[in-house]
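Structures are listed in the sections that come next.
Shared chain: subunit A. Partners: subunit B in the first complex, subunit C in the second.
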Partner chain A sequence: MTIKVKVRNAETGSTVDMEMENENTMSEIVQGAAGYWKKEAGAYVLRRGKKLLRGSQTVLEVGLKDDDEVELIPDPEGGYRAPPF
Partner chain B sequence: MIRAGDEDGDRWDRSRRIRWLDMERVQAGRYLVLGAGALGNEAIKDLVLAGARNITLVDMDHVVRSNLNRCVLFREGDSAGKRWKAEVVAERASDLDPEVRVRAVVGRIEQLEDREWKEHDVVLGCLDNIAARLHANAHAYYRGTPYIDGGTDGFAGRVQVIVPPSTPCLQCGLNKSHYKVMEKRYSCTGSEITYFRPSMAAEITTTSIVAAVQVREALKIVCGRKDAVIRNVVHYNGVRNSWDELEMSIEPSCPLHVSHS
Partner chain C sequence: MSQPVIVGDHVAEVKELPPPDRRRIKAHKWLTEKRMEDYRGRESKGFELYISKLAEEKIRNHALEHAFERKEVMGLLLGGMYRHNGLEYALVRDVATTDLDATDVSVRFDPRAFEKLFASLEEVGFRYVIVGWYHSHPSYHCFMSSTDVQTQRLMFNLRGHSAIVIDPINKEIEAFYLEEGKVRSRPFAIYWDEYQSPYYGTPVRMRDVGPSEGDLGAGA
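Let's look at the complex of A and B:
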């Protein structure tokens, strides 16, 4: 089943709607969103509310539903890329 | 009998007024600090001022002049003399408190002997790359030693507290974007090829905040207040001045948890 989830860019506040299937993983959402916003190479994570979502978790496992929102946030590594803010 | 002015003669008087802060435990604690860069400078400064006595500091690098915008314990002469960061920090820590013992280890964290990971009560990761963090995470977790990882990037920061075996570890929170960063580094390095790694923006305010949180969590751990530590990671946005504490879950396929169970 295809659902539509809003992904928010924590650095800019902008959002994009992303279609996904139950078997899509959080890693795929990270890659899709980081690519859409042309993020610099670096590490990012997804949060939903107060939970950090693991890369291997699927849409079904996380329980994402139509119109839910997740947020893409940089995972500071210290010493690699340009500042996100 | 008490004596007027006694309070101000006791170095730790103000610390002792924090009820949960057990100064005997703080002073008896054994702290392993990985990295003597921006976060490492701040962490050592905070640990020493907080009363830590036994610190091991590991770093493989020497001081350069561009470190001086955020490293409180480095001086111009250290960069001119290309001195080892760990040795400089150990020396300056003694200036802050002559009773502290900071053992400087000049080398890579991968060269640390296995016993080092279990001989310390807490490990503070003040590192600048994912591969080194994973090494620290794995060794500390395997030895059952709490690991507090800090990271900064411009005005962004994060602190994760890992208390084995109950909490998720650093590896549990990684996704493909982290591995891509590592892959790029590994695929671009070799005996004849040097991978260009752009210098990151770093400044003192975010660095000092992140290191302070790391040290405060370490103090909680050595004082027996594991119940009060961050669960599981905090992300700091220095532009908005916002903190978010985020829960994580254990990755079922994470090799550390599989091997531990």
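Let's look at the complex of A and C:
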């Protein structure tokens, strides 16, 4: 079954409508939206309300429904020294 | 199984809104002399970043709370992007944070505490845009380290996005942004809403001192 979910870019307020299947994972949603906005997918987490949507969870497992809104939240890192490359 | 497909988009508009009135803005008291000069140079033109008194207090208190453990703190700047007379600016109305995974030289959100962060985002009470982030440099002044710049490039690379760095030991604060990949200092102002004025609601009654000698003379 295909559902349509709104993904919000918290850093701009812009949104995309995304069609997905029950088997799609949260990682795929993050990658799709981050790619669209030219962002690094690994730097973001996804939330619906107060819940963290983990990368390996599927649409079915988290119970996403038609017209739900999820939000891409940045996961920043600050530091005095550079991490070892 | 196919990948999720984007079937529509909506680009958020930058709304027209006058910035906080000049009678309701002030320089941060922790600006260095150089940054204070920048502030004065910008005052008549208007700023690209305004931080509410509430957000500023939360940032400062957060940094001070962990200053003597020399632990860095961090959070997200919540507000919106606006435009007035051709000048775009960001308004930081509030901040959000959660438990941190921090040392004296690094800081991240504790991955087990995202839901606490999301709870505070849910409770903020307005449709926010994350216009940047803040973090502290306890005792080693305000600048953007290579890690900070990497974060700015990855997540906050629009002109309107800012990074606030605060040093609670030396009592310094500075805002930065990226322009063509280069880190720039951004003058900013603290604003307060009318109800946040410490004297708001305090009646100022004109003292009745009776007619002055001049008044008497004029009537004579």
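Rule of thumb we're sticking to: the second predicted complex is superposed on the first by the 75 of 85 C-alpha atoms of A that agree within 3 Å, B and C clash if a C-alpha of one lies under 4 Å from a C-alpha of the other, contacts with A are read in each partner's own complex, and residues count from 1 in each chain.
By our rule, a contact is a pair of C-beta atoms (placed from the backbone, for glycine too) under 8 Å apart; a residue touches a chain by one contact, two chains touch by 3 or more.
Fair warning: this is a prediction, and the values are worked out from it, not measured in the lab.
Asker: Among the partners subunit B and subunit C, which is in contact with a greater number of residues of subunit A?
Answerer: Comparing subunit B with subunit C, the partner touching more subunit A residues is C.
Asker: What is the contact status of A:K4 with respect to subunit B (first) and subunit C (second): first, second, both, or neither?
Answerer: The second partner, subunit C, only.
Asker: In the overlaid three-chain picture, which partner chain does A:D17 touch, first (subunit B) or second (subunit C), both, or neither?
Answerer: In the superposition, A:D17 touches subunit C alone.
Asker: Touch check for A:S56: first (subunit B), second (subunit C), both, or neither?
Answerer: first
Asker: For A:A41, decide between first (touching subunit B), second (touching subunit C), both and neither.
Answerer: first
Asker: Answer with first, second, both or neither: which of subunit B and subunit C does A:G32 touch in the superposed model?
Answerer: second
Asker: Which residues would you name on subunit A as touching subunit B in one complex and subunit C in the other?
Answerer: 10, 43-45, 47, 50-52, 73-83
Asker: Mind listing the subunit A positions that touch subunit C in their complex?
Answerer: 4, 10-21, 23-24, 28-29, 32-33, 36, 39-40, 43-45, 47, 49-52, 73-83
Asker: In the complex of these two chains, what residues of subunit A are touching subunit B?
Answerer: Interface residues on the subunit A side: 10, 26-27, 30-31, 34, 41-47, 50-52, 54-56, 73-85.
Asker: So in the complex, which bits of subunit B are touching subunit A?
Answerer: Going by the criterion above, the answer is residues 37-39, 127-130, 150-158, 172-178, 180-181, 184, 197-202, 232-233, 235, 237-239, 244-249, 251, 253.
Asker: Spell out the part of subunit C that touches subunit A in their complex, as residue ranges.
Answerer: Residue list for subunit C touching subunit A: 1-12, 72, 74, 76, 80-81, 104-109, 114-115, 117-119, 121-122, 127-131, 133, 135, 137, 140, 145-148, 150-151, 154-156, 158, 161.
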